[in-house]
Amino acid sequence: MTAEALIALGLLGITAPAVPGIAVKTKSFLTGRRGPPVLQLYADLAKLIRKGRVYSRTTTPIFRAGPVIALASLIVAALFLPLDGREAPARFAGDLVAFAGLLALARFALVLAGLDTGSSFEGLGASREVTIASFAEPTMFLCFVALVLAAGDLSLSGMFGAPLAAAWPHAGASLSLVGVSLFVLLLAENSRVPVDDPATHLELTMIHEVIVLDHGGPDLALILYGGALKLTLFGVLVVSVLVPRAGLSGLAALALLFAGLGVVALAVGVVESVMARVRLVRVPQLLVGAAALALVATILQLR
Amino acid sequence: MRLLALCAIPLATALVVFAAPAFRGRRVPVALLFVVACAHLALVTSLWVVPPLPTLGGWLAADPLGLTVLTLTSVLFVVTAIYIVGYLRHEAPRSGRVFAGGLLAFLAAASVVALAHHLAMLWVGMEATTLSVAPLVFLRRDRRSLEATWKYLVVSSVGIALALLGTFFLASAQGQGGGDMGRPLLLPDLIAHARELHPAWLRAAFLFLLVGFGTKMGLAPMHTWKPDTYGEAPSLVSGLMSGALTSCAFLGVARVTEVVAAAGLGSFAQPVLIAFGLLSLAVAATFVIGQRDVKRLLAYSSVEHMGLLVLGLGLGGVGAYGSMLHLVNNGLAKGWMFLVAGNIALATGAATAGNRGLIRTLPASATLLVLGLFAVTGSPPFGMFVSEFTILRAAFDGGHPWIAATILMALAVIFVGMAALVLGMVLGEPPAPTGRDPGAVAVRESRWLVAGPVALAAIVLMLGFYIPGPLRDVLTRAAMALGGTGP
Amino acid sequence: MTLVAVGLTLILLAGLAASRETLFRVLLSAGCVAGAIPALAVLSGDTVRDVRLSPAMPFGPWVFGLDALSAVFLLAILSVGAACAFYGLTYLAHERGRRAVGAAHLLLAVLVASLSLAVVARAALPFLIAWEVMAVAAYLLVVLEHERREVRRAGMIYVVATHVGTLLLFALFAIWGGAGGATDLSFQALAAHPPFSAIRGGMILAVALIAFGLKTGAVPFHFWLPEAHAAAPAHVSALMSGVVIKMGIYGLLRTIVLFGAPAPWWGWVVLALGAVSGVLGVVWALAQHDIKRLLAFHSVENVGIIMLGVGAGALGLAYGHPLIAVLGFAGAALHTLNHALFKSLLFLAAGSVIHTTGTREIDHLGGLARPMPATTATFLIGSAAIVGLPPLNGFVSEWVVYQALLRGASAGDALRFAGLAVVVLAFIGALALACFVKVVGVLYLGTPRRALATAPRESAAGMIRPLVALAAACVVIGLVPIAVVPPALRVGSLVAGIPAGTAGLPAAAAAGPATVFTVALALSLFVAWGLYVAFGRRGQPAQSATWGCGYPSPTPRMAYTASSFAAPLLDVFRSFAGVRIHRTAQAFATHAVDPVLDEVLVPAWRGVRSGAAWLRHAQRGGLSQYLLWVGAAVVASLLYLLAVGRNP
Amino acid sequence: MRDAAQIVLLLVVLSDLAILGTSRLSSCIRGLAAQGFLLGLLPVLIAPQLSVHAVSLALGTVIVKAVALPWFLSWAIREAAVRREIEPIVGFIASQLLGALAVALAFAIASRLPLPALQQPLLVPVSLATLIIGFIVLTTRRKALVQVVGYLILENGIYLFGLTQTESVPFLLELGVLLDIFVGVFIMGIVVFHINREFDSLDATRLTELSD
């Protein structure tokens, strides 16, 4: 892994909290409000870091480990993404399985941390989280299958790197479908509208928020930052599929990437302002829809 | 000479026991029984070491088939004799004379059957076995045993009568052959001139002998007497019947099959044998389901195994060897199971589904019963597995996958039925000991009662791992005589 | 080979010495080590000569041998067997006097020995013997607590299922021997005489699939599995779920070794069974709230994953893609070993919970993490492993299977559709995660949902040590794929009939970086935790109650139950979920039904029974009826005689 | 001699039908005795020339079948002191019709069988008829005792067939056969006696306790 790859990674880490900020800003703009500044999340994190910690008596170390493990595994996951559009810091055949595994590990840790409080609200949130995830993950793998078919390589670097650029001309339709379904995944996995409403304040309707109900202070900071990072990673996936950057020089590729992330954030904001959030029982159907898109994308290439 | 002795000694002793008023008690007859049994076994062993010459002008001879059956009978008889010692401590038959005498007479008759090479003599011996056992079935003299005896007597007498007719048919097949056909009804001569025998008569003879001796074997649909009889007779008698008596009957069928095979009429005989075999399997499977009495269960299991025996004959090839091996395994295993059932009946009054948790009350017998369940249903590592597998193999080799499938299905159903009853009795919480039960505690598993079954179990287990050389080639020769091949 | 023999003898001796614990421990561990050494040697590449006994039995000599395939299974058997045996000593200790504990230990030893014998047997007869001894020993162990009615029922179902499987194996070898015309039924001979006709070959493959499927508990042959596992004592369930059901997998793989490349349809069927078993297994697991039944259904799920690997391998063979074949079989073998480790770990941990709380009902428990930290930690590791999370062993094997399927997708011909199975695998993984979040969360976290008779305590060291050992194994394998993947590939190429090391190279190459990754991940997790602790020092954390969203006094009945947790997922699979939902205004509960057992087999058997009862009339009534049957037989045979007489 | 044999054989058939038709135990047994006597005559009549074998066989037959067994059965009746009527399951007329049918059938079958020319033409058909009628008596009569009679008739039928084979079955075995039958019937008699004591009737149809 090269130096600039790490620098790129660092940049990504730094800019991550801005991505949800952009989404929120867009939404408030479209709904005619001023809304919080784009960099609000940085402020929140700074504040939370400084706060003291309060733990429920029912909790065990699992409660504290949750946020840490989640964040750590997300950071490791980031290592597999070719930010410069060519080569990721880490790659091996089948590392896409590792990528998915890391996301799952993060989820596992967070959800258990939530359940550790013993509150039925967390239980409810956990149940919803895993339910949604069990439909999101197959969809993601379906996208991966399509990408493997297009790129003929079993590693993320290969899939998002040069081979993908080469594949666009003949597999364009399929790849754009993949992009769309990855975007839906992004919404679902990061509990955005129409799956979840990050702005809601009614516990019974929450999904992601309710799991972390009892986390506060630095723990919450880790969780919030992790959420932003996860959103960013999915954004990277979407951008890498739709905008192959293998041809460009490292710097240009990065610039394009961050521009793309901005666009994705805007899109998220737009979706949030034009769509209402669907009923929970409908969420699986939404994801099955996304899976159907990815399936079509796959079949287009298996044909 | 030894052959003559084998038949004469038990017969003489039987007559003495019957006649001499001195033997009203039980001790002496039983002691005699034991001695004769051992002597008999010793003689039989000597036959294995030094093969005997035919005697009585060829009427008595020990060929592989006969020797197998004879040995089986002898072994079972000794085991039974040992068992009786323990048995009589708990249940006294009305008259030791009838008891010992009947058993000895049976031994004599069975030896005659096993050694007879003159078919009419074979028949006489066979009828004699039937009659000698009747008083034993009838030992308890209550309504149920009476009914059992009556059914047994009449049905098997009719069957045996048919066999007699069959024998006469065979004689006239020989008579009609024209030319010198050798000495009448003498097995070697029949086989030697088999091809000149009058085919129509030979066919008829085969069918009647099959139905007749099949009745005594307990092939469906002539099996009807079997559950009633085995259910009511004292267990050790049932054991002898299903172990030794049926084997003798099978020997009868095998003899005529030898002739038919030698005459090249196998293609005529095989379908009939297969048909009876499959029917028996089916009937056994049907009646085993939901059976509540172990002894009746074993009776149906015996019907099943008789079916397998004739199936093996019918399938020919390696199947014949399978039948011979199965004959041995089945005889031993059946003796084992009936003796165990006897122990349970002694301890709890009746070996029926009413029992629970025998593993607690009668550990040894219960263990033997469970092992026996797996042995009788042809599970490895018991000997039955090898023979059943051989027969199955014969079915596939002979290109009868459907027959094989039927066999498998029947075996599966029978296993379910047997397991349901046996395991139901063995497992569970034993009922709280009631007032009248302390006797049962006393009955528990005296060494005499367990030794016999254990011995038999050991042999059956051994046959699953190791078939001694002499036995193997005797069985192989027998199979070849039956128109089959070795393994 | 001799070493294996020595090992088995020692194990059996240990069984006989079950009354004296220390002796038992010594002999058993000695035996397991003795058996494991050659297995490891073979896996690391050298070969062992076969042993040929020719006892006086029909069907040729008895051969015993040890190749990579046998070795990997032998390893699983011995390691898990030892763990379960040691655990059992403590687990059954309080039963001494009430039960024949010595017999139980003896049976366990017999079970382990027969399992090992089954995987080294190289001829039909010894294989069948070992197979049935194993089945019977397992049965007797399952019904150890036979005074409970449901245990007897479960035992009955199991023994019938396994015996039917054995009968099918009879058929298998009978057909195969007949096909090749080999009187000698040693595996060598079977392999040397391929069946003549496609039909016979098809029969062999089909019978093998059903027979071994019954043993391995793949849907729809799984019906006996949850019953038996729930009924047995914990360490027995662990051994059964860990290795006994794996013998079905062994059978399938061995069949391929001997049979050669199977027809494509077989591969597709296996793949389909794997997919169905995987998904339904985990869905049904979600529906359970008896911890042992739940774990049992997860065995069905993992068998599904393994069969996905086998199917991919078989298809790779059928369509001539050696790499895919090797990967598929390797993944199957490796996942078999891993599942043996973490599933027995989970069962044993569950056993330690049941041992102290006396209930298997998840919804009655909760908050056990505080009283039983060791159990909780090991169970957590097991859960993460079975879900397939890095850096644990479950991930490694699933990674291999994934590779097989993904490469299948990019293979040109019909095989490419197998790639879609990737989705199924992912779905299984996600559902498994849901299910284990449920289990861990409800069992160990939060608060007790009912007041227990006695306060739960951590189990004795004798039960914890095996847990720790197994957990350690899971972690180690997970951390160093480089150590386990090449041997697995060796097994794979053996099964695929390809010289080792040629076809599997790309995968072997990937093992190195994968190791780097897993280690790095583990390190980063530690580092993160370290940093967190280091920087988290400032200020003592305050204690308070969980925030009830304004509701001050939570009661146990308010805690989220397993039923409620699983409800949203189960709603999605309405009729397949295998649950009956009871919703009242106050309470919500689900109870699981088995679609195959409760809705097909049991009614069918009732039908058979009543049919038989009806046929009983043949045996009613008196003598004249009996005689008429004899007459009927005579008449029938006379008719036959006439028929033949017409056209002899 | 040949015609005498013919007549005797016809008489045998008549005795069969008579037994089927009678309603009284005693006459039934008398019929049996008569049949046994007739059978006793046959060996002598058939045999090409008078031989020790034939005569002794005849004697044995008469002693067993015409004297001993009937006497024993009537003794059993006296002991059992049962009502003298036979209660058939199938009525007398019907069973006699059956018997007639049986005879017809027997002749039909016999005509198909390849028989030696020198033999008695009637011997085989009569034996078959007797056999079948014996079976009818066995199955259609209630009283255990009558069932014994039926069994004996069946046995007689076979005996008749055996006469075609006198030269092939040595005398010793003939005696063995006779002895067996005697002992068999003896045991049956004892059982019948006990049945009567237990159930105080000879009605064998009551013996249906054992069944599945």
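Letters A, B, C and D mark the chains as written, and numbering starts fresh at 1 in each.
Everything that follows uses one rule, which is that a contact is a pair of C-beta atoms (placed from the backbone, for glycine too) under 8 Å apart; a residue touches a chain by one contact, two chains touch by 3 or more.
On a predicted model such as this, the values are computed, not experimentally measured, just so you know.
Path length between subunit C and subunit D in the chain contact graph, taken as the least number of steps between touching chains: 1. Each of A-C and B-D has its own count of C-beta contacts, and the greater count is at A-C. Separating the centre of subunit A from that of subunit C, both taken as means of CA atoms, is a distance of 36 Å. Separation between the centroids of subunit A and subunit B, computed from CA atoms only, is 78 Å. Chain geometry summary: the mean Cα position of subunit A and that of subunit D are 101 Å apart. Averaged C-alpha coordinates put the centre of subunit B at 31 Å from the centre of subunit D.
Taken residue by residue, subunit D touches two or more other chains at 135, 138, 147, 204, 207-208, 212, whereas all remaining positions touch fewer. Each of residues 616, 619, 622-623, 627, 645 in subunit C touches at least two other chains. Chain pairs that touch one another, listed by label: A-C, B-C, B-D, C-D.
Interface residues of subunit C, counted against subunit A in their complex, comprise 366-367, 369-370, 376, 380, 384, 387-390, 395, 398-399, 402-403, 406-407, 409-410, 416-417, 419-420, 422-427, 429-431, 433-434, 437-438, 440-442, 445-447, 506-507, 509-510, 512-514, 516-517, 520-521, 524-525, 527-529, 532, 535-536, 538-539, 541-549, 554, 558-560, 564-569, 571-572.
By the touch rule above, subunit C contacts subunit B in their complex via residues 55-59, 125, 128-129, 131-133, 136, 143, 146-147, 152, 155-156, 159-160, 163-164, 166-168, 170-171, 173-175, 177-178, 183, 203, 605, 608-609, 612-613, 615-616, 618-619, 622-623, 625-627, 629-630, 632-634, 637-638, 640-641, 644-645, 648.
Put simply, subunit C touches subunit D in their complex at residues 616, 619-624, 627-628, 631, 645. Within the complex formed with subunit C, the residues of subunit B that make contact are 150-151, 154-155, 158-159, 162, 199-200, 203-204, 207-208, 210-211, 214-215, 221-222, 224-225, 227, 268, 271-272, 283, 286-287, 289-290, 318, 321, 357, 359, 374, 377, 379-381, 385-386, 388-390, 392-393, 395-397, 401, 404-405, 408, 411-413, 415-416, 419-420, 423-424, 427-429, 464-469, 472, 487. Per the touch definition, subunit D reaches subunit B in the complex via residues 113-114, 116, 131, 135, 138, 144, 147, 151, 154-155, 158, 161-162, 164-165, 167-170, 173, 176-177, 180, 183-184, 187-188, 191-192, 194-195, 198-199, 204, 207-210, 212.
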